[in-house]
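Per-chain numbering from 1; labels A, B, C and D assigned in written order.
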């Protein structure tokens, strides 16, 4: 076997693939072959590195050089300069936005410094299509330990002791959930992995499945062992073709190695896994809806109890956990509950993966200990706000969450703190907003999503959310009244109080939290008919700056409704009442004489 | 409901029956069967749903109820170049709505529609997870990142003559 | 099961474990309003999607409100059903429903009988704070049922009836979110669906989303037309329920007042479908014995069991779902159609009226009957044997419109010759009745002996599927009974796979039989009403002097004067029919 | 691949496979092991640095010594090439000049394994390579 001197790790996640990481791999291999370095350099396709903002990423090992935004055209230079000559390709290195220095090593990048990667431990490190690489990183070792050295109850106790809580949004203690499922006797039980990730702006589950599918398979088997289930089902979004492909490969490999199937590792434990496909319904993230969907029904939630642990898939006891939760399980068994619970806060243990996005410099997937503050996440890991703008709010928890502000920046992030502040952990979407974002519009955006995704079963969610959206829409158009604000509040509270499932109960959070934190902005829309952020076009006016206007008439000629008047070579004027706010005048003006205020 | 009336050929019906059979004609496999059927036909016209209902022995109303519940299933054929705009939060915050408006304007169709020549169809996607590239537009398998409204004309042009 | 103690509205109550908060409250005279919830206990029919959220209550220690219909009681639970929080939530929820509901109450078919209307009234809703877009759908009119989906509130009761109870599957929730609604496949007309017109969806719909096709205006015009002779026939189950529309206790028999009312409405002849029911027994009973005797003589190819065919929704059901078995049901037409055929031949001749000038109207507990009389095979030269059918509810409206004080009408008799009937005919109105009536006659014809006790208790009851073996003087005859099409399906499947060997089976599409028909006064989910109607039917039977169909003197003379004998050629022509395969209707094959 | 039928089998396979990605594992925690940088600018390569680099990578692997070998550009000690810089965990970097295969062998055995200083150290100019 050749001893490779270099490993070139290339992100094969969806984000980087979209930027042609496949092309980079092809070019690198071609260069390597041409230079006769096949025995020295190994190219490895891995899962997501997390730093999607700067993708595609190529990481050179052993020296940990981190090349960003690489194109296939850069392959020759990387081989020639770095591998052959030992000189780093400076222009591809990450530039620290503050110091503007090039940073070669990912370990020194702010983005990675605060991170602890447990669920993502293998993402961006191993080839997800190669079980050998996973095994070399302890894959199935925890399963082996559980099967041969622990009783099911001991495993459950260990998970309980670790303090692991469900990462899908609810934050329910995982060990307790497993225990319920284990106590219900039945001829058939099921372990279900919820991979129907649907928060707009969250993609951690997909990254884990794409980067480290075996860890999920292993954890499901461990769960199966604790509850006495021999069948696992992964409910995955059909829109995740790469994750599906990698899962299929992983399942085949695990079967081939005997790590799934009958008599796993020589014990009498049998476990196998099948895929089930979601079809585009956010509500199917709710476990009862998910189960109905797997049964070929409309994905409508049903009232709990009965809980899936009593009567789930096909009426049998079923345990549902999400991908990230499962991905944390094997490490806990190997390193111990004490190790895991030493990370995090009192009631939220371990780490949490967040998808950092929005008006932030470092968009990407990060994993931090529970208790890290929003400030650390946004300003240290996230590199601060894009284009030097001012931070305004951060939305956590997706459509179920709320908007937090400046005053919450030093709040340690955990399940309970976020709820106390009127938001949610949710699946871990974290969208940063700057001064240009109108909070009424943001609330409207989320309500639009909820209206679109509501299953329609219960009145508050079916009609109530629609009405919330309509009121918000009115407000952004300058047609809102103070009574509307009262109605928003009452309706939000009633929806929260009466909706059938988690989706409905949390859907007013974006409204309530923005009402709480940005009341003045709502009032400005309603009473002054102004959008302080300048985002609501209906509340904006095109205005001619007299001193800049030379009277060229270009705007007047272009105006589709002829609302611009003025003498040639004299400043022009816009009739605001007639203006349809199409913006043509501004496009046509060559003298920067038209402003939008 | 907008649906295109088609008549299925005997071979198509056989193919569907085959798909259903591969799932043991289990009513519980309805969604898997619909996925496969959409793979084959590109969409799920009412006739396809009727055959599936017949094979799985479930009411056709129920099949229709399921098809209309899930946004992944469609009853209208997609364009030759299906354009999908990601409207996840990251893309929204970075201007996806304006890009979408531009596509609507340029193609003169609404979301969910297909152009009269059958060339383009327009749809919205939930987060595709390429948030680093926001806003993101997908045309078929190809991804366009950091799309600005001004880029839209050029992007459409790429496909015009194909 | 152990009892559980809890507090509801400061009152300590004790109920069995497994009881819901709603039931516990009702048992203790605390009436929590509901909308989507429906429970027909005796028939195991429950609709509990927990969707409307009207029945929410406050449970101490719980962060949100609990739907009382779907939340079980727990030891020590403290429930409040009428706090400000609860009342506000409940009112808001109803306001939301109203904000997406046409406000045409005054001209709605359900005006005064609408559960949403009642709820809004009870909760004192005086304004709708949340206005916005309203859903609009195309109205769909079929021969029997009108769907005005704008008025659908997604209670899902119709879906439960159509799918879980009847297994017809014509309706399903479609779309999602604000667009979600209950509809047919591809939102096509009901006519193109697998709908059997049993009308159970109409019977349970709390609003005006599902109503019957109304023929009362046409009837008023026909009654006023001097050139037309209008005769009416009334089905057995109508007399056991019509009184409810006039404030009478369920189970009040109003046969005599009904006949009086019909006469005052202007019908030229007030007849009874019961007469035709006796005729049905003659035909169907003879057919049964014919097949049975062949079978007993060793002919194994005889199609058995014989299935009753008087229920039109049931006929639609097997034409759609079991077309391959369509040689098994009796070929006898339903009593409604037998009546029409006889009225437009025998009776028209008798009074010297051309059949085209004779209007035959039926009063039925049923909506499928509206469809049945429109079937092509029941028309002669485009003139239907029965011109149209109106429901019990429509008759009640008509009587009210005509300013009659129904309860103070005298009891009157039906006219002759088509108004005389036996007790055997009356029990057609309830599950088990047809087969009991057939047994009474078949027994005497087959054995040649007099039947002393005509009450076959073993054939009666509410059980969805029942069976009994009747000793025909040494020959055991196996009889099956199903009511509700879901039960019918089960029974038919068991015949198909050979696990059940019956000689004769009675099937009624509606739970309870015709007393629970889709055209009856709305029971609003109270199954005790159906029981009371059933009791009334049996008591009418008991009070009759003649209780066997073949003893009806007018039936005897009908055969003597006109038909000859059962299954004669003339009888075949007028009183029998054939069935179609409707299963292939939906599938295109090129 | 035959099925893995016991935890011990799995462990054995893991140990074997771990070698394959040792390079990556080591890169994960460079602080905990010796880091060796070989000056491989054009002049270094000309003076035999490539040979030294290959020797180090292969021998360390064979001798099961945990160390990270990387190449780097000109170290600024052209007079003493080939040069290598060795950083033991928690210690300041040490630069060795005129490195031959034999010398490299000695560096592995004595300095890296046992921390014994050996001849050939170039006086530090208070700068590490990366600065």
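Criterion: a residue touches a chain if its C-beta (ideal position, glycine included) is under 8 Å from a C-beta of that chain, and two chains touch if they have at least 3 such contacts.
As the structure is a prediction and not an experimental result, all values here were calculated from the model.
J.: Would you say B-C or A-C is joined by more C-beta pairs in contact?
T.: Per the contact counts, A-C leads.
J.: Comparing chain centres built from Cα atoms against the global Cα centre, which chain wins on proximity?
T.: B
J.: If every chain is reduced to the average of its C-alpha atoms, which one ends up farthest from subunit B?
T.: Result for the farthest chain: D.
J.: How far is the middle of subunit A from the middle of subunit C, if each middle is the mean of its Cα atoms, in Å?
T.: That gives a centre separation of 54 Å.
J.: Could you work out how far the Cα centre of subunit B sits from that of subunit C, in whole Å?
T.: For subunit B versus subunit C, the centre distance works out to 43 Å.
J.: Please tell me the distance, in whole Å, between the geometric centres of subunit C and subunit D computed from their C-alpha atoms.
T.: Whole-Å distance between the two chain centres: 89.
J.: Taking each chain's centre as the mean of its CA atoms, how far is subunit A from subunit D in angstrom?
T.: About 39 Å, centre to centre.
J.: Do you know which subunit A residues sit against two or more other chains?
T.: 281, 298, 455
J.: Two or more other chains touching the same residue: where does that happen in subunit B?
T.: Within subunit B, the residues that touch at least two other chains are 58, 65, 69.
J.: Send over the residues of subunit C in touch with two or more other chains.
T.: Within subunit C, the residues that touch at least two other chains are 173, 175-176.
J.: Can you work out from the touch definition every pair of chains that touches here?
T.: Listed in label order, the chain pairs in contact are A-B, A-C, A-D, B-C.
J.: Quick one: in the complex, what on subunit C touches subunit A?
T.: Subunit C residues touching subunit A: 49-54, 56, 64-65, 67, 70-72, 85, 88-89, 92-93, 96-97, 99-100, 129-130, 132-133, 153-154, 173, 175-180.
J.: Contact residues on subunit A for subunit B in the complex?
T.: Residues 13-15, 18-19, 51-55, 198-203, 206-207, 238-239, 276-282, 293-299, 314, 355, 357-359, 363-364, 395, 398, 429, 431, 433, 437, 445, 455.
J.: Flag every residue of subunit B that touches subunit C in the complex, lowest number first.
T.: 1, 3, 7-10, 13, 46-47, 49-51, 53-54, 58-65, 68-69
J.: State the interface residues of subunit C toward subunit B in the complex, per the touch definition above.
T.: So the residues of subunit C touching subunit B come out as 163, 168-176, 183-187, 193-194, 586-590.
J.: Can you list the residues on subunit A that touch subunit D in the complex?
T.: Subunit A reaches subunit D through residues 1, 3-7, 9, 61-64, 85-87, 104, 125-126, 132-133, 135-138, 140-141, 144-145, 147-148, 256-259, 263, 265-266.
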